[in-house]
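Each in structure tokens, the structures are laid out below.
Shared between the two complexes below is subunit A, which has subunit B as its partner in the first and subunit C in the second.
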Partner chain A sequence: MKPARLLNEISLSLKYMSPGGMTVKHIYMDYNATTPLRPEALDALLPYLKEDFGNPSSVHWAGRAVSGAVEKAREQVARLINCSAAEIVFVSCGTEGDNFAIKGTAEALRAKGDHIITTTVEHPAVLASCQALEKQGFRVTYLDVDADGMLDLQALEQAIEEKTILISIMWGNNETGTVFPIEEVGHIARKYKVRFHTDAVQAAGKIPVDVQSANVDLLVLSGHKIGAPKGVGALYIRKGSRMVSLLHGGHQERNRRGGTHNVASIVAFGLACELAGAELEANYHRVKALRDRLERGILSSITEVKLNGHPEKRLPGTLNVSFSYIEGESLLLNLDMKGIAASSGSACTSGSLEPSHVMGAMGVDVALAHSSTRFSLGPDNTEEEIDYLLEILPPIVQRLREMSPLYNK
Partner chain B sequence: MYTEKVMDHFSNPRNVGEIENPDGVGEVGNASCGDIMKIFLKVENNIIQDVKFKTFGCGAAIATSSMVTELAIGKTLEEALELTNAAVAEALDGLPPAKMHCSNLAADALHEAIKNYKESGQ
Partner chain C sequence: MKKGQRAVVAMSGGVDSSVAAALLKEQGLEVIGMTMQIWDYSSFTEKNGDSFGTCCSLDDVYDARRVAQKLQIPFYVINFEQDFQNTVIDRFCDDYFAGRTPNPCVLCNQVLKFEMLLRKARELEADYLVTGHYARILEEDGRRVLRKGLDSGKDQTYFLYCLTREQLQYVRFPLGGMTKVEVREHALRFGLEVADKAESQDICFVPDGDYVRFLEEQRGSGAMNGEIVHVSGKVLGTHQGTYRYTIGQRRGLGLAWSEPLYVVGIDAQQRRVIVGEKQHLLRSELELIDCNWLDAPPVSPILMNCRIRYRHLEQPAIVTPLGQGRYGVRFEQPQSGVTPGQSAVFYDGDRVLGGGIIA
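Presenting the complex of A and B:
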């Protein structure tokens, strides 16, 4: 496995022309946005784009050759989150999984109630699904978070009412990496007999995710965050949970999700889940050590930097910081010219006029929200890359600050 | 997504800084929209002798600020008042559509600075 990874690293680091015209090395620090395809996953999927082209629903030799592969992947996915294979439904992406979980529950349990509880910092896949349901007459409580982005469990408990049919609370936040106390949420949900959905797209494969110990009823995964291709994901549906399908169609996925399987991507996704599980502990420590090195380095070499997110309860690879007086996109462009790929919560990078809703929910000052910058690391990053970033970052920040009307030396 | 000219003005911005004892100062934007531009003027005989800028904002905000300073220097106040945000964007070979509204305010900042110069009675 290691030689293949190394090769991948080298090809990732090929020289290229930056927007500024200079030749620089590519350094990827945006693993929460997406991850490179693992070489093992690529090897595993290729046959299903070539000779093993059959439809897994077909009874003949061509179908039989691939239906086993889909079922094997289902078991690999199930093992990562400790459920049974029959409880896994393959979907086209994390967004579909969240839509399915929330809308499929709302429709199925409409007679029982009309109230949903979620948080203000969820991914848009969850927030927009809830807003769509509000237009249909459902009521949604959006729980606030504190300045560290942490959830108040008492507020959750107080929000539950007779008519509450779903609690949807993410496991790990994509922007700040803040990890919610999911076991406690699951405990509360079970106590009040409310169905519990969690978006574990960022958490799975990075920290232990166990639907049994956390009493989770619905859980969403996305392949491209853990080294599988984009466009594949899974929804775990606890046995016995009544759901209405999002995609009505054929009998695939035990009538829960119509549509011919994306066999190649599902195979790669299964393998990626297996590898993520096997490497979880080693990768956790490795990635966290890199992230901590970066965090310490930034906080000690640059003044007026704010850490966004929980200082401890955080995904191992995520670091979100705001540099006072400068705007995020201009910082990203400067980093990009030096080969470094990161992301920002500024309005300019979100494609809207507002900065990140997550920063807003944490009460981050609006100028600091525009300045928020996320470095998200993965197992392929190295200490050398961290040290290179720590070398180039302070002068970039200083130059932008000297250009800023908000900055008084 | 940005043109070469935008990237050039972004990475090597012209006329960054402040003018000591400026004849006019103009500021537009606010922190909530993510862009603040401040323009400083030196005016002599109705002609803009020097312009400097300070900007908090994205790549487009910095590039348009830089470009407007280049366009304004040497112009009469009347000519400078005719400079539009659209003309600044055009001089940069265009901006991405999303940036045309939020980050394309440099000409407004220049006009504010000219207004400030006139109001201060010089």
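Presenting the complex of A and C:
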């Protein structure tokens, strides 16, 4: 028997039995953190955890049985971003992809220059890679964003200098959902002949991502953000780009990345990319409608709410809002007690919730930054879930406000 | 505490708070674990390069999370690093550089645990904030009083006198009536792997006990060098910083003298460490600031039992209000090692009356 089609049905039927004996319905609204494994991807990967166990690098029958599957997945991934399969390198995660793209470029182009341009709102994988390079003597320009989290293209152009070897600018922001004008960035990079890397972990599969029309040279994808398992990602390296490997080892991935292939996850990743591409337009509209319903509902039922991020140029499922006077963290825990999974700031540091560097870069004041809460929706969410959240959210916000030392009304 | 009520347990990753959480869960309460992340040791080593050291604080968070997972209770880490730095660490350093010997646990309890963490518990609509302290909160004559833990060797009321009467309504110490041996037995019974975890002895943010290195990393070294002076006025030598010394200290002075010498005073302004023979350690009087009273504050001189260190046996003393929140304490017998910055805590039997900081 096949697994139930909609994982959604499974997740909704999961009841969380609290110690006090109450049952709470689980509602997942944290798709930017990770997504449930697509049932089709699960079906596709299972054989590679069972009978098809071979190492794709082996010459014999066991290797042959799986190497084709890896190459098929490579083609599926390539199709989602409109590149050739040979330009795809499988990696273990988005973070590895960003490290590889940035450090691999810096080392390869060191003789050419020592200057890198990025933005203040990148994922920590990009920021920390740049900071590590600074310690090795590279210079990094961190471009500011405006109050909507939007990039200033003029500032980008002005930042480019003779010694600039890399521009690393994300496609869509994980915290606010703000989508940068990547085609324009690519155009500028091309004009000045600077290599262009983009972290498309949040954008791919949600909005059209085309490395040709956007003139992208390096692009990072992550499997688990689009329904594949955790532990697999891809780096697109435009043909002809000189790079230095990050993981030295065997001859896998045409000597670009050592390490035995994570075959099962790669197969699932390939299928997830194919499905995301096929469903992109339908999902975009569906998810955006849900997000807009939530956004309208919150703005109309709760006072003193600030939308963080660009009002229009935004990923379809992301809604980041600050509720004045309360901490996002407190709201998050209260929502968790009610079974609703959301996020405050970046979930990558989950557990320890630090003020978001993205809010800071947008000039959001510290108190409002602390009160920011991110709801990120996916295709499995329903109108009923949105309405349930809209029902329970206003009283929680009100109660927390009444307890807040900052609130006196 | 009743079945079905909601309790937030402050979990440190140690055996005591883990057992507290397990016991309440067993009693049918809805238990939520919370850990305060207050000090990231790795952020500290990072200054010296890219290496990553192990972090005791994060190890404890990890332990607490594992316990919560085993107990199948929700668990949250609350990041208080900035608040901890701004209140506890800064005050800790200020005190040492002003010639006092601070007690950071008192301040952490007062400002973080029973104030900020308690607010987090209220925000989650918890009925109680629970910790693994060895102390008892009992209802007597319609009000809540704080009494010593029954295991006299483990009693922690010395660190808890800053609780307000309002906080006593909300805080619970389920281990107060147990001995450490019983708690360890419970830990084994619940299968908690922390059962034989070593007792934390040092200040949590100075895991290696080298508080001098900590202070110098925080504030730099060299500024507090000066002379070591005998009570008679004779200069006996020099020292590398007044904060390296504490009242009553005997070892590490490196002085040649006919009789054993002790640190009897620290004059931070003159950057002097004052040493003397044992009898010079004795004091009959001290003055208290930053007092908190769990009972009605004394309005006239009154006899109480007073403890001036964690491991000090209470001594009878007359407590006299001096106005502006200050109190004078006169011991019946002179006491050795009255140390500015430490707390003096008052008792009536095993009931805590209040306390303050030795000025």
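Heads up, the rule we're going with is that the second predicted complex is superposed on the first by the 386 of 409 C-alpha atoms of A that agree within 3 Å, B and C clash if a C-alpha of one lies under 4 Å from a C-alpha of the other, contacts with A are read in each partner's own complex, and residues count from 1 in each chain.
Just so we're on the same page, contacts are C-beta pairs under 8 Å (C-beta built on N, C-alpha and C of every residue); 3 or more make two chains touch, one makes a residue touch a chain.
If you're wondering where the values come from, they're calculated on a predicted model, not measured in any experiment.
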item: Which superposed partner A:403 touches (first subunit B, second subunit C, both, neither); value: both
item: Partner chain(s) touched by A:370 [first = subunit B, second = subunit C, both, neither]; value: first
item: Which of subunit B and subunit C A:337 touches, first, second, both or neither; value: both
item: Larger contact residue set on subunit A - subunit B or subunit C; value: B
item: Partner chain(s) touched by A:329 [first = subunit B, second = subunit C, both, neither]; value: both
item: Which of subunit B and subunit C A:196 touches, first, second, both or neither; value: neither
item: First (subunit B), second (subunit C), both or neither touched by A:90; value: neither
item: Subunit B versus subunit C as contact partner of A:138, first or second or both or neither; value: neither
item: Footprint overlap on subunit A, comparing subunit B with subunit C; value: 19-20, 329-330, 333-334, 337, 351, 353, 403
item: Subunit A to subunit C touching residues, read off their complex; value: 18-22, 132, 135, 329-330, 333-334, 336-337, 351-354, 400, 403
item: In the complex, subunit B residues that touch subunit A; value: 2, 7, 10-11, 13, 16, 27, 31-38, 54-62, 98-99, 102-103
item: Footprint of subunit A on subunit C - complex, ascending; value: 4-6, 25, 28-32, 37, 50, 61, 65, 72-74, 76-79, 119-120, 122-125
item: Footprint of subunit B on subunit A - complex, ascending; value: 19-20, 325-330, 333-334, 337, 346-348, 351, 353, 355, 365-367, 370, 402-406
